[in-house]
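Next come two complexes built around subunit A: one with subunit B, the other with subunit C.
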Partner chain A sequence: MGLKQRAFDWLDLRLGVRDILQQNLTHYLLPRNINVWYTLGATLLVLFSLQFITGIFLLVYYIPNTEQAFASVQRIMNDIPYGWLVRFLHATGSNVVILVLFLHMLSTLYMAAYKRPREITWIFGFLIFLVSLAMSLTGYLLPWSQLSYWATTVATESAGATPVIGEAMIHFLRGGPAVGEFTLGRFFALHVMGLPLIFALLAGGHLFCVRRIGVSRPPFGPDYLPEAPGTSFHHTDHSGGIPFFPNYVVKDLMVIAFFLTLLAAGAFFAPQLSLPPEAFEPADPFRTPPGIKPEWYFLAAYQLLRILPNEFLGLVVQGGAVAFLLFLPFIDRGPERRPGRRPLFLGLFIVGLAGFLILTVWGYLS
Partner chain B sequence: MTSEPSLTSRRKMLATSVGVIGAALAALTVWPFWRFLNPQAGSAQAQTVTIDRSQIEVGAAHFFEFRGHAAVLVQPAPGQFAAFSAVCTHLGCIVTWRAQEQIFFCPCHAGRFSPDGRVVGGPPPRPLPSYPVTVTGDQIRIG
Partner chain C sequence: MSALRLCLSASLLLLLTTQAYGVEGGAQESSSCLSCHGALTGRLGEPVAAWEGSVHAANAIGCHSCHGGDPTIASMEAMSPERGFLGVPAETEIPPFCGKCHAGVEEDYLQSAHGETLGAGGPQCVTCHGNHAVAVTTLDLINPESCSRCHEYGRAEEIKGALAETDRLITELQATTERQHRLGIATDDQRKQIFAVRNDFHRLFHSVDVQQVVARSGEFQQRLQPVAQELQATDEELSQRRLIGAGAVLLLALVTVLLGFLRHTYKKEEQSDPGAGSGPL
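So, the complex of A and B:
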């Protein structure tokens, strides 16, 4: 008996590892008609881990202080060996993470995976999405460049459209009337401690739900029938399905490799997509650079605020859209999941997505 | 079908190749992060330090940073210079210069070194490492 085998038996005797592995790998069966969109969760786990790792590495040399932040990031870029790589991976990675979050959300939305019994899974997921946006917003300020400074000024300014408490909200977000050292302090605390903790709790809840309930069956194909709502807890198992290991793991790895390639391509060949020239000038509170714009994933929201006659109306529309998506499982409650049989949903899905894309492009061009 | 010898050896071959490529990729990934955490590695060797002669009197000592450590330059007799690491060879405290006694004294466990670096008392096991000194006019170059 080899050493590997003996070590494994030793562990198995104490923790029943063989059983855990079987249940989660070879005996974990997935629906026969499973598709490639189900790989995005695993991809997100890998990409988020990478953000955590590169983030902790950046933290080794980053100094969260308005006098030194910019210089410390320049030092990471120019003096620390491979500092440029760590930073480009973190900055480009944040964009790839958001992109995959969008795709994951859109695919579960399209397949109506949020419906009973997966309402809680959806809520956790949507909150993770909001926290990730907050992580990006807070991280963006940290290098204390012109880009950081003015993007944060513009983003926090929009809270001012709230009637009565608008001014107080800006003051609270910034820790003062203008973006300054107190803003950096609170954004830093949130970015490296507060939000990652919340993120970890939410991700734990999300994964627990996914595993406890079992993955949904894609609502496609001739023999798909909607599940009748049960009266007691029921784990969705797919007897006769395909094993997670090795069959689906290979698919997971393929998609993970695809997005890691995209990340590497961005970090090596197009870092300027994440870090335009203004990111290399130190923040100057007395000079706004022309044409300052938020990151691509905030462009739709930003454009909406600009085209509506009244900023408050814009905030109401945005708040409404977020609340609608968050509580969607409790609004859209019928058991039917096949998109073809849900014309109202399909119409809203297409119009909503097109609207988002149009606003994004419009915001980018104008 | 499963235990056909050619199939097992193919599997082994495949597993080995995946392992080797995986290990190479892992090494390639770990290397930048390792270097990132060791920014000064390899850059210290070449460095020399130049000190102005006016900074050091006869019988006195001048402390400075050399290759990432504390170092000390002494002038025991006019025109005679010596440079040492100021890191005590016992447990790494920084030695002080006692001008009256003309010795290096370690404040941690009372280690003593002579002006040429030899141990003359206390626990230090080895002499202080010395560095080459070149005098050109008013400039003293160490390293």
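So, the complex of A and C:
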């Protein structure tokens, strides 16, 4: 008996490792018609892990104060071996993460996987999406570049549109009357500790729900029938399905490799897509750079605000959209999940997606 | 209630993030000169629009940098002599007016044939460079149309020919630093060195002395060599990065394709064995 086998037996005797592996890999069955969209959760896990790893490397050399922040990033880019690669992977990675988050949410919406009994899973997922946007926003300030400074200045200024507490919010966000040392301090703390902690809790909750309730069956194929609402807890299993390992893991890995290819291509050949010219100029409170636009994933919201008559209305419309999506499982409660049999939902889905894309392109071109 | 608070916070996050980019316009400073003159039409308002597209505006050189005065005061007092306001300089005052910053050029100009005729119909800075709409100088500024306003083009053409190679080298190196800077490379040292050589070089041709220009052009090219070598070394490193990147991308793409084939194999197995998942494999 080899050393490896003996070590495995030793562990199995104490922790039941063999049983854990069987339950979660070879005996963990998935629907036979499971499709490629189901791989995006695993892809996000890998991409977020990469963000945390590259973030920790950047944290080693980054100095969070206004005097040295920009210089420390310059040092990472120019003096630290492969520091440029780590930063480009982190910056490009944030965009790829948001792209995959969008795709994951869109596929969940299209297949109505948010419906009973998966309402909590959806809420955890949607909150992860919002926390990811917050991580992008706070990460923007840290390099203390022109882009960082001015984006944050105007962003925090906009909090003044909130009725009654507007001024107090500006002060709270900035930690003072203007963007400065205290703003950087609190954004840094949020970006590297506060938000990742919240993210970890939400991701843990999301994964627990997925595993506890079971993977939903794609609502396609001639033998698909909507599940009748249960009155007690029921784990959705898929007897006769395909094993998670190795059959589906291979598909997971294929999609993960595809997005890593995309990430590597972006980091090596088009880092400018994630870092505009203003990102390489140190913050200068006396000079406003021209024509700054938000990241692509905020362009639709940006354009919507531009075409609405005032900021408060923008707040109301966007708040309404966020609330609608967050509570969608409690609004759309019918058991039917097949898109073809839900014309109202399908119409809204197509119009919403088209609107988002049109506003994004419009925002980019305007 | 807490759900409402959550939605408001989330929408505020979106609002904050997207409102951040409502800033329009170029690099501008807060200035009473711009706010007052920008609202005027005709002779008093035109300089603002002309300045906005200039190299001075791009480098945050505002009205008061040349004309004096106090741009923080929003009243006529901003233009009082007590506040250092100089107003519009007379023709003979223009070289020292520009020479406050471009001291070397002023010195060489004053010693040149151009400078000797200052105030006697000869050209001064504005004659060739314009005033508020001043742009980055290129050799195109020396052209038959412009020079022939005062004298024949032949001599100017000789100077332009002698300057061409050094000017091309400076322009090329500047473009390289810009390209590298755009990739996050620290090029400040090289940019400063090129800037210093460029300034001295600009002094040289303000002497409008053909022999001197021809004799000293090589000296400037020599001074640029170390910078050119440093930039070339960086370009070689960037090529290496692209090579590593191409390898990584190809490898990952290959892994994607291979896993795709493997998945296809499993898929065929699953189709040929409908009970594949009913027990452990």
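Please note the rule applied: the second predicted complex is superposed on the first by the 366 of 366 C-alpha atoms of A that agree within 3 Å, B and C clash if a C-alpha of one lies under 4 Å from a C-alpha of the other, contacts with A are read in each partner's own complex, and residues count from 1 in each chain.
Everything that follows uses one rule, which is that a contact is a pair of C-beta atoms (placed from the backbone, for glycine too) under 8 Å apart; a residue touches a chain by one contact, two chains touch by 3 or more.
Quantities reported herein were computed from a predicted structural model and do not represent experimental measurements.
Colleague: First (subunit B), second (subunit C), both or neither: which does A:139 touch?
Modeller: neither
Colleague: Return first, second, both or neither, reflecting whether A:275 touches subunit B, subunit C, both chains, or no partner chain.
Modeller: Second partner only, subunit C.
Colleague: I want to verify the contact counts: of subunit B and subunit C, which reaches more residues of subunit A?
Modeller: C
Colleague: Taking the superposition as given, does A:60 touch the first partner, subunit B, the second, subunit C, both, or neither?
Modeller: first
Colleague: For subunit A, what residues appear in both contact lists, the one with subunit B and the one with subunit C?
Modeller: Residues 85, which sit in both footprints.
Colleague: Which residues of subunit A touch subunit C in the complex?
Modeller: Its residues touching subunit C are 22, 26-27, 29-30, 32, 74, 77-78, 84-85, 87-88, 130, 133-134, 136-137, 150-159, 161-162, 169, 173, 238-243, 246-247, 250-251, 253-254, 257-258, 260-261, 264-265, 267-269, 271-272, 275, 277, 280, 286-294, 298, 301-302, 304-306, 311, 314-316, 318-323, 326-327.
Colleague: With touch defined as at the start, can you tell me which subunit B residues reach subunit A in the complex?
Modeller: On the subunit B side, the touching residues are 32-33, 35-39.
Colleague: Using the touch rule from the top, collect the residues of subunit A that touch subunit B in their complex.
Modeller: The contact residues of subunit A facing subunit B are 57, 60, 79-83, 85-86.
Colleague: Under the touch definition given earlier, write down the residues of subunit C that touch subunit A in their complex.
Modeller: Going by the criterion above, the answer is residues 3-4, 6-8, 10-29, 60, 181-186, 241-242, 244-246, 248-249, 252-253, 255-256, 259-260, 262-263, 266, 270, 274-278, 280-281.
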